[in-house]
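Each of the next two complexes has subunit A plus one other chain: subunit B in the first, subunit C in the second.
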Partner chain A sequence: MQAWRIRLLTMLEYKANFIMWFAFTIAYHGVAIAALGATLYNFPSLAGWNFRQIAFLYALWMLGHSTHNLLFFSIGEVPVYVQEGTFDRFLVRPRDVLFQIVSVPNQQWPDELALALVWFVFATWYAHVRIDAVFLVAVPLVVAGGVLIDLAISLATATIAFWFVRVDTLRWVVMSLEQEFTRYPVSIYTRGVRILLAYVLPYAFMNYFPAVYFLHKSDQGLAIVPWLGLLAPAVGAVWFAAAYSFWRLGLNRYQGTGS
Partner chain B sequence: MEPIVRTRDLRKVFRRPQRRPGVAGALRALFSPAFAETVAVSDVSMEIAAGELIGYLGPNGAGKSTTIKMLTGILVPTSGVVEVAGLIPWRRRTENARNIGVVFGQRSQLYWDLPLRESFELLRAIYDIPRARYRVNLDEFIDILEMGEFLDTPVRQLSLGQRMRGDFAAALLHDPRVVYLDEPTIGLDVVAKEAIREFILRINQQRGTTVLLTTHDLADVERLCRRIVIIDRGRLLYDGTIEDLKDAYGRTRRLVVEFAEPQDHVVVEGATLEHTDRCTARFAFDRGAISADRLITALVARYAVRDVAIEEPDLEGIIRRIYLEGISPSEVLRP
Partner chain C sequence: MGHSLRLDAYLQFASKAFQREATYRVEVFSEIGSLVLRVYLIRALWTALYAHNRAPANLPLHTIITYSTVALLLSLIFEVDGTRQLREKIRLGTIATDLLKPISIPGSLFSDGVGTTLLHAMSVIPSLLIALLLVHVDRPPDLAAGAAFAAAFALGYAVNFLLNFCMNCVAFWTLETFALQLVVRWLSDLLSGAIIPLTLFPGALQGVLLHLPFAAVYSTPLFVYLGLIHGQQIGRALLEQIAWLIVFSGLGAWIWSRGRDRVVVQGG
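And now, the complex of A and B:
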């Protein structure tokens, strides 16, 4: 609780920064969606998906991703803490290290999440998604799963910093992969990429598989049950558990070498 | 009395990739990495009683910080025993964290963008400090560290001296039994240094807090510590009082004489002439062999003397000799 109060104060410290960020966030997602629109203008459907459906796909990813950014953005700072030597201060305090890192005051406003919510409501209507009890229960679960998937991947990436101090490149690659592969239906990719997105970096569970279910699409590519997307929370939990074990391993290494 | 900090044969070995010079070397290292073992701390055994204030000295890279990191639970020792207030720090890291406070002079633990007051509030939550206790401690620290006027200023706008005072309060709010101060006076002006020294002395005397202080400023040590521990290249060189060290290492005193008129040949029994420019002369003498009084009497009997001064061996000179020569004063101390 105290951490949230402090965080709010930190954010208020830089109001101009917030305004710039907000403008940037709108522009960023605006450009991404416009680019999708342009693509779909030339090819009215991508693997059987029209623009309305792809807008929903994007909205679903945006919800999970922006919630992750709001809650867990500081995990990405771990390599910096290790490099600068400020990581030690988390180890001399009587709390779990990961918890402390997550509660470091930062400059993440809920602006992206707000934008995601607005866009999601619009896209749901725009894509003619049927809103029933199942939808209302499933969406928060799917989003929670998406947050866990994002969290697992950012945690695992950050953990690598305990071995190789500079991991900027890797972070950049992982971020680009996520942006690239969450925009289009996974079925447009070759088999190798589809398997990667489903089972290795399971971004497909953040939006594609759930969207297949909500939009009653069929996915011939991976030959799966239609409700596979509802497994997102379970996939997220398993991946987070694996990433957390990796994190513990990295932490042990840090305490052994102090590099 | 049971020691509050205890280490026995404490050892830390780092295995680091060895760098080879140049681009070719770096490329080779990429494919066939070679490792070098560095012994950062080697068989260090020491005991600190509750309430002691100890100076932990050594040149850069001697192993001071590595020792402190093992005492705080940041690092796991390669071998040996380490115990702080009955706990093994690295095994019970969070419990140990409640017993200790740490100030790293070079790295603040305050929140850069927040006023001091908010950093303290956050620490209260992290350490679960009872509100009443928190208020008492904070009021006391605000008072003696004179933090009142900058308590609501964001940390990034504070001067180094103000920030350091904030860091001290932050490390002590939860009433730690042991505090580790790693170069707490580095970069501070004389007034700020004195304020920090006063504060260290005060918490040690009034709260009985055990203090382990590392510093390169020997004035800190002379002002604060009775006992010092010297480490170099990972090995313990000395563990004892400052007086004993001076006795063992600083037997040579110096007598500086200013003559009333220029002298060409100056000789005095019992002292060696180190330097003369005819108007002044500097003699070295062993204080165990001859007293200053006798030496001066002999001098005055032979020459017209305007002024004399005796230079006591200073801690800095002694420590410098120990660092340079790497001899263990413990050997010197042994009869």
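And now, the complex of A and C:
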């Protein structure tokens, strides 16, 4: 907790910078949503989804992804630490290595999460999602699952850096897979890509399957049961556990060759 | 910029940039990797959209897929920002020594950008081949359209360079320009037709966007390529590009001289 507090105080020191980056965050998501809006203005149905529903799909992804960025952004820096040789300092300190990396002071502001919350509230209303007890309980769980899925994949990607120092290419490809492929219903993709997004890099559990449930859509392709999306926290936990074991394995290897 | 034009010096800048970029082969691979994903996405998205909706007039599926794919390939070239170094030079103060050299800095940045672009253009070739495996890309309707596309592309390249140059000159006044540049980059991607054709925007907005300088970079060359504008319309579009070229050359020269004076006066 202390670590988060210090980070918050550091951020307040850079107010002008904050405004600039907030403008950047708004521009980034604004452009993505505007492009979706203009496209669906001409083509009202994307595999049976209208713009309102696509807006909700985007909002669900944005909530999980921005929470992940806020809390665990520094995991993406691990390959850089390994390249520069600064990773070793984490190994000599008497705390869990992953905990140390996560609490490295950085300049991550909660601006994206704030924007995500605003957009989510709007999109929920805009897409006529029924707000009941199930919704209120399920959304935080689905978001937590989304954070874990994001975390698991970024941790696994970072771990590969212990074997192959340069993983920029892989990171880049995984990142664009996540950012661009989660914008649309998974049902528009071919079978191989759908399976990849559902059961290998399970980004579909961050937004698509939960949105199918909340919006009462049907997916004949992959969703075996309509409430599949509610399994997001379980999928997140399993994938994170796997990624963490992989991380321990990589860490042991790194220490083994390093000393 | 009153230095005599020493072409060989600028050719050297271009070839140095080419060699420097060629050492970063990893980036070329990541470019091709993400390109494959994007071309796949273009095909999946537009195929799904055309399957359940009525197509807009003169924009059949193969046209929009060609548009998006060529726009993507163009972005590999246009995203090279040779003037980005300017920001670093100003931030670190090394601009002062560059000003003493008997060369034009904007000229050297342009040559450097061209060199970098040539390498990226070479990575466009394998990218194009891979793209052609995933989607069918139409050719320009005739030889004249092809020639007009080459002209529109060259003008678009020059306008893009000048827009970037003006943006980076802002660093003379405030050093934190990175976020600002990214904001402009995202917005111009949308407003230039790099993501979706400007004709997909609602009527009045579309009329405005088609005549902004951003459209001169992507939209005009792409419309010429696809034969969506022809005859006199092409002439008018090229003239509009030339007009923006003149406007931004003037603006660039003005900002540059103001900025340079600031450095010279501050430096004493």
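By our rule, the second predicted complex is superposed on the first by the 253 of 259 C-alpha atoms of A that agree within 3 Å, B and C clash if a C-alpha of one lies under 4 Å from a C-alpha of the other, contacts with A are read in each partner's own complex, and residues count from 1 in each chain.
Convention: a residue touches a chain if its C-beta (ideal position, glycine included) is under 8 Å from a C-beta of that chain, and two chains touch if they have at least 3 such contacts.
Predicted model only: the values in this text are computed from it and were never measured.
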- Touching A:W125 in the superposition: subunit B (first), subunit C (second), both, neither? neither
- Classify the contacts of A:L177 with the two partner chains as first (subunit B alone), second (subunit C alone), both, or neither. second
- Message: Applying the document's definition of touch, where does A:A38 land relative to subunit B and subunit C: first, second, both, or neither?
- Response: second
- Task: Would you check which partner chain A:W163 touches, where first means subunit B only, second means subunit C only, and both and neither mean what they say?
- Result: neither
- Message: Looking at A:Q255, would you say it contacts subunit B, subunit C, both, or neither? Reply first, second, both or neither.
- Response: first
- Task: Check the residue A:R89 against both partner chains and state whether it touches subunit B (first), subunit C (second), both, or neither.
- Result: first
- Message: Contacts for A:Y199 in the overlay, against subunit B (first) and subunit C (second): which applies, first, second, both or neither?
- Response: neither
- Residue contacts with subunit A in the superposition, subunit B compared against subunit C: C
- Task: Check the residue A:W227 against both partner chains and state whether it touches subunit B (first), subunit C (second), both, or neither.
- Result: neither
- Note on the structure: subunit B and subunit C footprints on subunit A meet at residues none
- Spell out the part of subunit A that touches subunit B in their complex, as residue ranges. 1-3, 5-6, 9-10, 13-14, 85-86, 88-89, 91-96, 100, 105, 252, 255-259
- Task: Can you check the complex and tell me which residues of subunit B touch subunit A?
- Result: 14-16, 66, 69, 72-76, 90, 93-95, 97-98, 100, 102, 104, 107, 109, 111, 113-114, 118, 121-122, 124-127, 154
- Message: Looking at the complex, which residues from subunit C come into contact with subunit A?
- Response: 26-27, 29-30, 33-34, 37-38, 40-41, 44-45, 47-53, 56, 176, 179-180, 182-183, 186-187, 189-190, 195-196, 200-202
- Taking the complex as given, what residues does subunit A use to touch subunit C? 16-17, 20-21, 23-24, 27-28, 31, 34-35, 38-39, 41-48, 166, 168-169, 172-173, 176-177, 180-181, 184, 188-190, 193
